[in-house]
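Structure first, then comments.
As written, the chain order gives the labels A, B, C and D, with residue 1 at the start of each chain.
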């Protein structure tokens, strides 16, 4: 059994880790923390009866792996000690995501305290970095929008089908992405019938997208990203637009996507025929509610032959495949387990 | 392995059975039917990649147990043949729920074709009929509102605390309860910011509630029930009001509830102190989204000492503990399995 | 022109007063206050371009009438001064609603500073107190749930059709009812797919309901009230249940309701036939979204002859006919205007 | 008084025309039609008590102006007769929107029967074609997405700030945009927590956008448009992205927008400073719920200097400024009235 601790289990991200790890057959949950000691079920009612007590972070003990869901800048100061105590660290936050430390300092408005860890950390997308994830001690779990956009664009960027300097991404997020702290932007009377743009230019996840997609091409990748909250609780849709370098058919692009994700259980490419008269569920554009609460990412695409544009839809759950559940997948890799273990469940319909 | 078939898997109830049975460790899914043959993932996108083909009901083969989610009046004509082929039958519909066949005929506007099966069928609430469910061949799975109200009221009715002839229940249902067929009442532009009362008197589930609660007392139980759709997708809240026969404290009632449900894993009684100033999640009134997609029922209650009223809140998922998942729990009983198998997962937070 | 001031215009209630008074043909808005001076459009984006500056309450000047939307206990200390300056006062809050000052002290946990004003104040339901509202200087505008329940129950209580000591009311409120301050109970990730019971016994509006309905009968009126937030932004549904004293038909009750509200423009009784097979919009149960943003209250009812129960549905907007717009109607009365002026617009469909 | 008829008043677009025209001080509503004769309040509950009977289209009589909200291809066959009877025609549908009849035939899959009317018709955006709208007999009211995108992009395209051949627009629509007919895509259990892409390439409104924006520049305008339903009932957000031809500041672009819309009452440009730390309502990105039910369009924008992108947000109501209310504005122009008459009301907060 893998002995696991969770730093920061009272938020939505840590709570999702807790939910899944409590039922992971190879995991023993040793502790989960919260600044306010309390029963986990008092913040996560879905866990009513689970019998988990959240403890103060001062009381943690050595474990095999730590999931960290802390405010930016916290885990970078603790990681060396955790490693020294024999733990591996999966950061669900943003401390180790950007390889360029100067860029990190600029984007996050802080000074990174441990660039050596940045160098050691592996960006936590198994579909791109599986081999390294089996060897590392530190995982930089990706941002939620980053995951969605990277999954949606990786085959396109690698294949050089579109102008990699003019990729436009509109990100639509459920309100869970804003976190458990109350805020006017997701106050129900304000957002219940609304769409709230935020971080419309310069969103921090943009830099992760450009970094990771940049590894797949010699082109200078530029992601033109804007994010919005929509009145759903969970899930993210990344709508990705590219301008085709030369004509390509939808079927040719689908081939590239199927090949790129061949054998990847958690990435599903929608390759149904494009038939505008088909029943709605038969159309090849994924629905975000199909993957809520899961580690799946669904991808669909279409081509506007007349105008030379490709549009790719990528959906995942911001605390699922875009967060804590991807972290569990990474843990499985770190410990040599089959990737699906503890994660092989479906979403809900309806959701 | 239990060999299972699902009659009617394209609706929400059958789809939920499918979702959970595909991952039940003791189940082999042999077939699932739909009048339109198609891949299950074409109606239930959450199952994308599951590789399940829905077949026409004409093509079914013998199995150990059949889950039926069919329009009223269908499974009663097929059950004898299924039993003769060695199957047990779990009806997720309404054909065998009412013990009084004349009442059934009147309530459903049809003539029942097989009263002997009604006599044999056991009402599928393990918490009330566990022993019989281990012996029967036919399970009458309860209606969704019936389950919620029965769980909420059973200890109250049995204990005789309130006037059992004047129990008022307001049922609030998510739109999944209306089913997959499109309908004006749950057309998003109409219901998105709305509350839609329906079946405001004489709802069919009323009779189940009175039947089952009537078994717990010598009183003439009368449930004054009204149902509404609210703009959530899944889940039911039953708000149950009773007029106390004589003064009783909240704590005394909680004792009765805890005792009644002692050892019942899937029924959780909220016994936190009543503290109007406590953080919201600490208050003893259950939230329906905590049990969505699960087999749990959460119950909380309070007492208006000044006016002599008790109010009980009972939440469950109409296709979960109020439907298909309760059916799986019943299947576990029918086959001598531990009740939790295949059902021991938590809901989502947020949902 | 009536010169109007609004005390507390940054919240939802004051903002609604502002919206309608800005377009009232007989009103000149002189000032509106907020503790933070700012353009009104910076808190109420619907008013973008209206050119209204919210001023600090210290800067107010004499006007003909003051609408007050302040925390409990504030306006009772200011009213004598306002009256002395020649203004009438319409309190959209709760300072003058309860005629029994001891009860008020107990319910609100404060000591009332000016019982003489309580005696002078008229409860602001024109349909019950029109003549007095034309004479008074102080209006106690009703609570939102109180309005809905009183409108739904008044003809029933007055007619003595049901047991007036056992009236059960489930109140379902949109989140605007909770106000503009962020709070976990209406944090979108928590409430978006949820129903949140609150003030489940002893809700303060209960006492107003009992007071006002008590004026209509010699019976001891007891309202058994429980409130919930549902994930709609505006509007209230009061579901009112009564136990019939003796058999009465739906049509007889409708007669009583039509007679009671005869000539009342803002109260609409749904008297369509009860036909369970009719299109949804033809059924006689009102929908809350039809009255959002308006001064209308829609009422419908049905009778369970078998069990001797009547259920009445009453819908209104908590800041409309249940709040600020009723306040404007009261202002029209105070100043001898036609009641509909400035209020004679329809709601939206869809909403 | 202008004598008005509405062809097709049972849908959402016609119902909105009805709602506003009933309270327009210069209008006498003579008739409104529906294939099923019935009281308007039976399809539009917001009009309960309005006393409007919808009549069969066979029964219409001469009026001064006809609003038509009919399926594509219907009004083009009736318009000559209506004109001969002295009426002006405001088509809220799509029969006269595209000036290129061959393109219309191709886009709508029909053969246009009256190209002379296409030539005569004026595209119903007063902010672009005011003078012509004062002279014409036939108005082609714009598509909802077209209105939003055109308002958002017109100053940008005219100013030549960005690459007019690579304008990307993501359109997010409330479900009212899909109409009153039930459909799986807006069945509440499917859409309640979902985002549904549709017409992802080749949306018919694309051609209107390119036509109208093309009039403002010599460039070949190409709009790369994709539409989605989000779970709000009303309103549209067009997120418009452009690649800057050369560096330009946000302030310079705002100047161009303010100048372009100078004096336009119904178009509001958000020119607050860009301050990521400001309260949410102070940020310069419009919220769609602020304009629901109104004839306003709110526009905001920002610039990514580092990547050379401009993003413009444009919000309106698909049956308001993007539909029936713009039609009323056009009617005011046709009859020489002040443009605001009957339309000068604010939206709701909260909505």
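Basically, a contact is a pair of C-beta atoms (placed from the backbone, for glycine too) under 8 Å apart; a residue touches a chain by one contact, two chains touch by 3 or more.
Keep in mind the model is a prediction, meaning the values are calculated, not measured.
A.B. asks: If we look at chain B and chain C, which chains touch each of them?
C.D. replies: A, D
A.B. asks: Suppose you list every residue number at the chain C-chain D interface; are over half of them used by both chains (same) or under half (different)?
C.D. replies: Chain C and chain D contact each other through largely matching residue numbers.
A.B. asks: Across the interfaces A-D and A-B, which one involves more C-beta pairs in contact?
C.D. replies: Ranking A-D and A-B by C-beta contacts puts A-D first.
A.B. asks: Can you check how far apart chain A and chain C are, centre to centre, with Cα atoms defining each centre and the answer in Å?
C.D. replies: Their C-alpha centroids are separated by 46 Å.
A.B. asks: Distance-wise, how many Å sit between the C-alpha centres of chain A and chain B, to the nearest whole number?
C.D. replies: Taking the average C-alpha coordinate of chain A and of chain B, the gap between them is 35 Å.
A.B. asks: Which chain D residues reach two or more other chains?
C.D. replies: Answer for chain D, listing residues that touch two or more other chains: 12, 174-176, 183-184, 189, 192-193, 231-234, 279, 281, 287, 292, 350-351.
A.B. asks: Inside the complex, what are the residues of chain C that reach chain A?
C.D. replies: 12, 174-176, 178, 180, 182-184, 186-189, 191-193, 231-233
A.B. asks: Within their complex, state which residues of chain A touch chain B.
C.D. replies: Residues 12, 15-16, 19, 22-23, 42-50, 175-176, 192-193, 233-234, 265, 268, 270, 279, 281-282, 286-287, 290-294, 296, 298, 344-351.
A.B. asks: What part of chain B is in contact with chain C in the complex they form?
C.D. replies: Touching chain C from chain B are residues 166, 168, 170, 172, 174, 183-185, 189-190, 192-202, 222, 224, 226, 228, 230-235, 237, 239, 241, 243, 276, 279-281, 283, 285, 287-289, 292, 302-304, 306-307, 309, 311, 313, 350-351.
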